[in-house]
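Structures are listed in the sections that come next.
Each of the two complexes below includes chain A, the first together with chain B, the second together with chain C.
Our next item is the complex of A and B:
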């Protein structure tokens, strides 16, 4: 009898404790939840709805237009051009910054005295304001007063107007993109490298893998698989969102050859205030970003099975 | 393989690796060096600088004072400090209790809310920009500090980070505190937050660098120099200079990039940790 009473009392206080905990949980999560609703979920719903209208900022009337914005978008030269430019940019920046990041990480890892200084140097661009450095790059590559022009001229290579040449402009922007990302990728690869057990290299040594390339191919590269996947995904997302350099240096010129997705979205939405088409482009952008994120989740999930 | 050839192999390997790293370092440092050299170069030498990189006389005083007088650089930097501080404070006030609730308190809606946080991690600010802009325009709040800060009051990344950090906090300590009569709020203020100082430092670095350097959103919601953050100020400065005075322009770029570079050089470890935290899962 007394035992039963005690248990009853204990579970009652346990229940009270659980209820208090739940109440505190809701209280603490409320500010976050409100912000998630107001700044994340509601805007996404609104963008989705706006993409079905012809709403223009400041206009008094608007109407539903169904999927017209999407079909217009798929036939829009500027949008398609921006998309392909963005893909070309990504296709240069991702391999460039991932391979360079990996090579630098492996070489820096082997250094002893100079390791810290190299790390500092390569990481420097990650911390700096890209807008300011874009202005500097623009000046560096200036076809009439840039030092690089003096160099190519002295070497007899002639002059390069990198940001004025339709065929070079994306390469020029990509070089800046790579310049900024190499250090970031290096740090991620360094973290992956230090996690590789030393005895794997010793074992490979015994198996006759004595060259640097052998060690890389048999141990480093396979062991870095998850790191590499992660680096590729984050770099892809970063490169896909290229905006700053375009806004400062080229503004889509020459001949629209450096129009990229976010810059075109910015122009349509925030300069021309065509909210309908801009919303449709936003949804397209979101789809791309989600596809990359899902691909990452899929690959990481698959990795856990073996 | 004989020992001697092994040693020469290693020597050659070391030389090649140094050569590559030096070349890479030169590529990385080139814009920084050129920015600094041009910022102390007299205007008359800018055109011939490609052949004589080292300035014959110093014009640092002229260039830097011109940069500061021709454009309100200090105002931009003050704006940057205010915006970054405002964003960070709200982010922490929201994310620490939120992260604690998601990590240590059980309630029915918890998995759903955590799911929303994970979803939010994949959504860039450009996706929510249009509606938030329209709302700010309708409320007549464009060109305010509030407008520049608003979308970033929510950092789902911060909530996620603190949730992961608190997850490993020993349950027994929280339990003991409850038995001692601590309320949940006291537990957050007196036990959880002090334990999270490293995570707060790393998150602060991450948040401050992102928002000090952000251009997209300030460009959209501010049209005046009064509230412009450093990147936007740099763009305004560049546009008004239109390439006439590179010395002052480079001095301006140096002034704007200096604060973060200095913090980075003095607190490298925390800095690298903060920036690459997105990679730690």
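Our next item is the complex of A and C:
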């Protein structure tokens, strides 16, 4: 009886101690939790709620409209066109800037003395403001005044109105996107390349994998797996957010062939002040980004880490 | 199976001379160890032999054939790296088969998808798989063939690295500190396995280590290196009992050889008050270093035997034997003595006070200020050649 009582008392005091520890733990976590809620979760929740209303920027009255914004959005020609244009843009920019970034990184890495110079040059576009550079590109590719046009004309290739041609406009924008991303991807690949142990190349030499292709295919490329995955994911998300070049150069023209998701969203929200539909598009945008991030976390990550 | 001949190898990195006119002849099927402190050039020799690093001057011959103009894969050497250098994205079987795949399939057949269309590829891959299985069986890693290196322990990775070397039947095995990443117990075990493997394969092994125990226990011959040169080349017992240089005497042997300083006289060498009757080639009045292995000292000198007065400072008990640490009465210089447990028990009582340690002068090694051997005693009698 006394023994049982004693055990009971011990476990009671033990429970009290655990409760105190838990309380202290929560106390430590709370500030971070509040910040995450206020800064990260709350805005998303607000957008989610707005997407269920017909709220107009500056309006005093609004009402719930349920999922109407979403069903309108899925039937909206401009939205669907923006979506498909964005996907085309991503489909050009991601492979282009990843492959070029890798090629440049491998070439630059082989240099010893000039490595720093090349790194800086290729990284320059990353440091510039894309808005300002869009103006420069606009001029370079101008069909009557641009030096690139003069060049193609001199070479007998004719004239290209890149940003006026419905078939070329997305390609033109994508080239600027690639130009801007190659330097950043190069830096990431360079970091990945330096992490490959020298011994592996020595072993490959002795095993007979000493040609440029074999070294790349048997050592470099597989060892860059985790880096490549990271580069692809960041590039995809960056490409998905294309906005500056469209807003400055084409404004969705010609014939809406350069309408992209964020630009359409911006027009609906801040030119037409329709916050409800704009919020619905934002949610759609977030879903795409989330899908990419989840794909990385759950599928591909496991196959590229050794 | 081939002998290996290095002639006048030199190599510099910038202004640092890593190899300085190294010549070395390794017999067919020999287990030769290059031993030395880090930075002595031993790994560079290995890399030059493998063709991973071009030498500045000198030649490498394998089996009588000059290989200087050949690429690593054409020299038919295999190398085991300190880090094992296994391909982390490939399974154990793929790792081991890599040299054969590269040898026997052409570029088109090696391509990921297109290669599969080739009938020749299927035939060769079946052959290779059989050879990989055979090697895996020898190394007892059959059960691991489908695993990735990250899922293996250090010892298992070591075996896979060995397997990758063995599968191609190389003329020469090059091993760059292969045991240094293993824990102490496994290292002792792998030492035995490697010597066993060498005996079974009968191929020339060139083994690089900084661990003198590995050099002593595994090799037919040992080359001790310092500052890019081979200081001495000989059997392990040669290096231990008959070192030609103070650096060799210091490097080989555990515990380290005792070095006491003395002065040459017409009658022998004066160490403090004690006169050690050892004939030397140096003139009288020179300062020399007298090297005494821990077993050349005894606790009970016989009548008339030269002795050194010392007091006990520390006892290391290893079970079967003990290392008794003394300090010389006069100079305080440390001395280690190897004693059996019985010896120690017998003399324990009087070790509280300074004692006279008997010196077996026939085993003393004398070096001049430049580190060269100067005693004249013949060491031949002491050589303990291991019967072949």
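Quick notes on this structure:
The rule is short, and it goes like this: the second predicted complex is superposed on the first by the 256 of 306 C-alpha atoms of A that agree within 3 Å, B and C clash if a C-alpha of one lies under 4 Å from a C-alpha of the other, contacts with A are read in each partner's own complex, and residues count from 1 in each chain.
Quick note on the criterion: contacts are C-beta pairs under 8 Å (C-beta built on N, C-alpha and C of every residue); 3 or more make two chains touch, one makes a residue touch a chain.
Quick caveat, the model's predicted, so the values are computed rather than measured.
Touch criterion met: A:200 reaches chain C, while chain B stays clear of it.
By the document's definition of touching, neither partner reaches A:92: not chain B, not chain C.
Using the contact criterion defined above for the overlaid structures, shared-chain residue A:225 touches chain C, although it does not reach chain B.
More chain A residues lie in contact with B than with the other chain of the pair chain B and chain C. Of the two partner chains, chain B is the only one that A:289 touches; chain C does not reach it.
Using the contact criterion defined above for the overlaid structures, shared-chain residue A:242 touches neither chain B nor chain C, since it reaches no partner. In the superposition on chain A, A:213 contacts chain C only, with no contact to chain B.
Note: residues 210 of chain A belong to the chain B contact set and to the chain C contact set alike, using the contact criterion stated above. On the chain C side of its complex with chain A, the touching residues are 47, 50-52, 71-73, 77-79, 81-83, 85-89, 98-99, 102-103, 107, 110, 148-150, 164.
For chain A in complex with chain B, the residues that touch the partner chain are 17-18, 20-22, 24-29, 31-33, 35-36, 39-44, 46-47, 50, 57, 100, 103-104, 107-108, 110-111, 114, 118-133, 135-137, 139-140, 145-151, 154, 179, 182-184, 187-188, 191, 210, 212, 230-231, 234, 241, 243-244, 247-248, 262, 265-266, 269-270, 275, 278-279, 282, 285-286, 289-290, 293. Here chain B touches chain A in the complex through residues 1, 13, 17-18, 20-21, 24-25, 27-32, 34-35, 38, 46-47, 49-51, 53, 93-95, 97-98, 100-102, 105-110, 113, 116-117, 120, 122-124, 126-134, 137, 150-151, 153-154, 156, 159, 178, 183-185, 188, 209, 212-213, 215-216, 219-220, 230-232, 234-235, 238, 246, 249-250, 252-253, 256-257, 260-261, 264-265, 268, 271-272, 275-276, 278-281, going by the rule given at the top. On chain A, the positions that touch chain C within their shared complex are 197, 199-200, 202-203, 205-211, 213-214, 218-219, 222-223, 225, 306.
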